[in-house]
Amino acid sequence: MTPDEKLAALGLILPPAPKPAGNYVPFKRVGDTIYISGRGPRSPDGKPLTGKVGRDVSAIDAYAHARLAGLGLLSVARNAAGDLAKIEVVKVLGFVNAVPDFTDHPKVINGCSDLFVEILGDNGKHARSAVGMGSLPHDMTVEIEAVMRIL
Amino acid sequence: MTPDEKLAALGLILPPAPKPAGNYVPFKRVGDTIYISGRGPRSPDGKPLTGKVGRDVSAIDAYAHARLAGLGLLSVARNAAGDLAKIEVVKVLGFVNAVPDFTDHPKVINGCSDLFVEILGDNGKHARSAVGMGSLPHDMTVEIEAVMRIL
Amino acid sequence: MTPDEKLAALGLILPPAPKPAGNYVPFKRVGDTIYISGRGPRSPDGKPLTGKVGRDVSAIDAYAHARLAGLGLLSVARNAAGDLAKIEVVKVLGFVNAVPDFTDHPKVINGCSDLFVEILGDNGKHARSAVGMGSLPHDMTVEIEAVMRIL
């Protein structure tokens, strides 16, 4: 199956291109490398999903939010490459909006990492850091940025 | 106008090269890509501008601080490339030293992004993430790092 | 002396390859560039070193933890390149799990930066940011990620 067929089989729809909240762009390409701007989770009607993970939102719910953020990153990647079959994920930096005693950041950002591997197979495997923030834009639960490569 | 002429027209002066607080360098070049070390805002006499955004410092003041941090990044970029006309901004990662309920990180980091586009035009457009930190060195209000390219 | 001889002279042993806590890999190579996943400090028996820097753990102890995280990064780099003599450090991003009023992040992350320069000489010099997190996985004191280049 192609990545698009896998998305369809999972009932997943890539969200529309984001509208940056400032003087920047959704991605920047240098040679074959694309740097994708940080992306948060949004509901189908475009509202940001918010709250402190470990207090307002569970790690399990935040896993689903990281998956939504990952869909947003894939959407930008498809715009950049024309076809997800030509995308390799290189690096993911996952920011979790967590309370100070939260410790399960990897379980949250796995929502994005698992999606990338489900949809892209071996091309979805990436280096990664998952860290806990004091706060995030719009009080979003997670924000994830990525470096990808066009094959 | 060249970037240097635009800086002059805006009355902006690039600060001197930073003195790293450790065993690292202001930038590292790999091929045409330059990775620039995180930079905070400093007053004209070199003192770091400090405080928690959303409590001690307003988002509007922090916008001005992000602009100062951006001037520091441009200063390093000019040292690296010899001429700002040969610089393209690729990626900006903006760290805001904010209280936990702060939500306007994009408005703060816009201070840096707007500067890059004012001075460099289309070459100043970049991918970006803006996030909220629990703390920053010297209690600085913002710290910003960047990846740029020498054209 | 070679990097391996320097490690031996300092009585340092590179830890075994990490087991990623999710669907990601310890490093990803793109051309000659390697992106290394975030690494925390672990005791010789593999347990993560934990606590909030500035409250549970001093900056001096956290310096030692950053050094341990740096050994983990070098271990991955040696796996990637076959020989540390072929490694150049490009960029370090150091995350410190600190209390909100902590300000000495550079002194902490120096533990990693100093190690890289001790072992790799000029090839160890890098661009860097050091920032304070609200929380980190497993409540680890530091987490450090790096971009390196294979010479």
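Letters A, B and C name the chains as they come in the text, with residue numbers starting at 1 for each one.
The rule we apply is simple: a residue touches a chain if its C-beta (ideal position, glycine included) is under 8 Å from a C-beta of that chain, and two chains touch if they have at least 3 such contacts.
None of the values given here were measured: they were computed from a predicted structure.
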Inset, instruction - Indicate whether more than half of the residue numbers at the subunit A-subunit B interface occur in both copies; give same if so and different if not. - result: different
Inset, instruction - Would you kindly give the rotation angle relating subunit A to subunit C, two copies of one sequence, based on a CA superposition and rounded to a multiple of 5 degrees? - result: 120
Legend entry - Distance from the mean Cα position of subunit B to that of subunit A, given in whole angstrom: 25
Legend entry - Set of subunit C residues in contact with two or more other chains: 93, 100, 133-135
Legend entry - Touching residues (chain side subunit B, partner subunit A) in the complex: 33, 54, 90-93, 96, 98-107, 109-110, 113-114, 116-117, 124-135, 147, 149
Inset, instruction - Using the touch definition up top, name the residues of subunit A that touch subunit B in the complex. - result: 20-28, 30, 35-38, 52, 93, 95, 97, 100, 133-139, 143, 145
